[in-house]
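Note that subunit A is present in both complexes that follow, paired respectively with subunit B and with subunit C.
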Partner chain A sequence: MLIPASGTGQYLANSVKAIRFAARGCTNRPFYHIVVTEVKRDQVDPVIEQVGTYDPIPNEYNEKLCSLNFERIKHWIGNGARVSNPVRELLGLAGFYPIHPRTYMTSWRNRKKLEDEINSQEAEQENDK
Partner chain B sequence: MFRIINNLKNLSLDISPVVTDTFNVISVRWRRNPRKPIWKGTAKSKIFRVPPRPNIPEEERLEITRLYNKYRTEVKSINNYLTSKYNVENQQEDDKDLKQKQFEADLAACMKLNDEWNAKQKILREARTAAELQDLIKLAQEKKLITLEKRSQRLKEAEEIVKEQKELSKHFILPEMLDAEIEKSLANPVDHNFALDKEGNRIIGRETRPPLDKKVEKIRQ
Partner chain C sequence: MSGINQISKLLTNSALKSTVWYCRKHSQQIRLLSYVSKEYDEKNSPAPHFFNEKIQNLLLSLTRTDLQKVFQKRTVGSLEDPRFEFLTDKQLKEKLDEIRKVALKHLQFPPAVPVRTPKDKVFSRDPALKGYDTSKFVFTDISFGIKDNDRIIAVRDTDGTLQEADWKTRDRMNQVYFPKTHRQLKVPHLFNDSYFEDVLNNREYVFILDLACQQFEPDDPEYQRIASITYQHINDNNAFDKLRSTRHFGSMTFFLVWNKMIDNLLLDLIDSCYLNEASELIELYYSVHNIQVDNIGNIELIGDFLKNHSNKQAILELAFQATKDFLKKKEETVEGIRKAHGH
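And now, the complex of A and B:
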């Protein structure tokens, strides 16, 4: 008997819950469920509830697909569930939370890297002349 | 196995019922803690390794701090709002009497609607059943006609057979005729034997010789 995605995890009323990723892919194919579980539980354990999915590999239209059940996320955050950083980043991009600082950091670092590359290429070209 | 242990872990404390399904076992793809045991210590090659410190410029550090401070404040306010709106403890208790009244009113409205529909359906149903009955009666009558026809047909066939047998019975040997018939057949023995000559002629009779003028049949042309 497989455990349904909606969640069959057993939990205590007053334990600490978390909204986080649970890796559900296979070798060379990452895929994540966004789940509500007890913080102490392992990611292979049955979850309390699944509230979304995240596919980090871009599809043919260069989109990383992500689904979120905002009603349930609101409910669980309202009832004291913690949210992990990667999920916070996603929620930020989705417009539920403010944009996470790490998103800004990644973007400006990427930008800087790109600029450096371009500058170095230009310098090389000038040297060749 | 892990799953069963996990299920048992919360046995006494849990809210939701524990599933005592012994077949609820799934092969887990990875080990729970896929790291080496803690007593193994640091690997020999890594003992003197010093991980490089992150080199973050002062300007960037200040920016990150600012962003995080802002982010935390905003998230906190959102969380507080969600808590006030969705937390179970903050939910107002339902007025049971009011709820019961609402339920009854809803039920009454539903029942009224249902009765109307039933009345409409009754008319339709009665008309339909009457039509169906008529159809059935018609069908039965047709069937009856077919059956009667079949029966008369069968009777006719039987009579024909009887007629035939009656015709045939003229040649029957009856007990009183038996002696005479025996006498007759003894007096006229029939020889069924025959021989074939080279031309394929059939020569009837056991004792017959070819030149004698017995009956000779040509069977092969």
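And now, the complex of A and C:
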């Protein structure tokens, strides 16, 4: 059964809450809900509330779509919910949080990889000559 | 094209019809639509004029509310079964009054508003994010109770720029997360090039305008392109009757008045002896363009307009004279009949 966005999960006043991804795709088609849930709960368990979605596969316009209910996210953060690293990265890209250090690391690594590839290709071409 | 249309009206033979169809197809290949989109400008906004109560009333009066046509079945939208009831005369009158109120709602004109300004606000630039991903990220704020126009939709480009999404992306995102019934995620091909032309040449004006209302917002340049080209096509083909008693007639009249091209509509009204409406149209023209005239009667008002502001003065004056003569003769005949009956 699909879990309603308003959430059916158990809410305990003193437990630690987390804002994190919950995988809701199928085989070879990842799709994530961004949910508020208790830290110790399993990913497939009912959540307290769904606050967004993230589609990691680019659409035909080469866009990755992400929806965020900022009003509720602010509310939960204000109530002491923790934010998981992947969601923190996404919120950083959205301009809600400062950019996550790991985002900078990934982009730097990707740039370096690309540079290395170009360099090696050029070297190969020179060797061929 | 009009010549071919006239021929096709005359012909009922199916074999001959196919020849006409061939001609029509052939002529389309040669002559493309030559209309230019006329959008409402931001600097000279039509909105304060359009939403003026007096102007709305004039537009409504010009629309000529025919209940049969207002509630006729449309090609767009859902179909409902007719309901039959036995009513007394009094009940029937009450029902009709009720229905007239509903008709007014059906006839709400698509507004004339200036085209929306492009969105290009940049929130931040961060070159250190270059290379993070090969695709863009689109973030949509789905908080409850925000209007589609006010919703924050931001795009993180591949070069690390975080900026407001342009209108096309916004429309797409709004339709993805807050779908509107009958609106499609992708704009149908019907609104483009030869398909659009075919619709116009088949004179499916109400169909295309209804569909445009569903698909676009009134301040969308695309809506204004489709509407303005359709209105110009109607104006050139004198097909005003197609739009009468629909919600688009008011918008079309306003468009024609705004762009100072009411001569064909005026000629149509004068030819069909609706001198009252002709004077209303001129009143509308004068109030939109802030032209002061002395308080004069209907006939004088039309005469004044033909003399000073019309583009097709000769034709219009001929038609005006003919109509006046016809009405005079009609009056005389009626008077004669009355006398003959001994009243």
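By our rule, the second predicted complex is superposed on the first by the 126 of 129 C-alpha atoms of A that agree within 3 Å, B and C clash if a C-alpha of one lies under 4 Å from a C-alpha of the other, contacts with A are read in each partner's own complex, and residues count from 1 in each chain.
Throughout what follows, a contact is a pair of C-beta atoms (placed from the backbone, for glycine too) under 8 Å apart; a residue touches a chain by one contact, two chains touch by 3 or more.
As the structure is a computational prediction, the values presented were derived from the model and not from experiment.
*Asks:* Touching A:Leu114, do we find subunit B (first), subunit C (second), both, or neither?
*Replies:* Second partner only, subunit C.
*Asks:* Can A:Asn79 be said to touch subunit B (first), subunit C (second), both, or neither?
*Replies:* first
*Asks:* Contacts for A:Tyr104 in the overlay, against subunit B (first) and subunit C (second): which applies, first, second, both or neither?
*Replies:* both
*Asks:* Kindly classify A:Asp45 by the partners it touches after superposition: subunit B alone (first), subunit C alone (second), both, or neither?
*Replies:* In the superposition, A:Asp45 touches subunit B alone.
*Asks:* If we overlay the two complexes on their shared chain A, which of subunit B and subunit C does A:Asn69 touch? Say first, second, both or neither.
*Replies:* It touches subunit C, and subunit B stays clear.
*Asks:* Which parts of subunit A are touched by subunit B and by subunit C alike?
*Replies:* The answer is residues 99, 104 of subunit A.
*Asks:* In the complex of these two chains, what residues of subunit A are touching subunit C?
*Replies:* 52, 58, 61-72, 90, 93-95, 99, 103-104, 106-108, 110-111, 114
*Asks:* Provide the residue numbers of subunit A that touch subunit B in the complex, in ascending order.
*Replies:* Per the touch definition, subunit A meets subunit B at residues 1-3, 8, 10-13, 42, 44-46, 74-75, 77-80, 88, 97-101, 104-105.
*Asks:* Of all residues in subunit C, which touch subunit A in the complex?
*Replies:* Listed in rising order, the residues are 123-124, 126, 128-144, 152, 154-156, 160, 162, 169, 172-173, 176-177.
*Asks:* Under the stated contact criterion, what part of subunit B meets subunit A in this complex?
*Replies:* The contact residues of subunit B facing subunit A are 2-3, 6-7, 10, 13-16, 18-19, 21, 23-24, 26, 28-30, 32, 64, 67-68, 70-71, 74-75, 78-79, 82-88.
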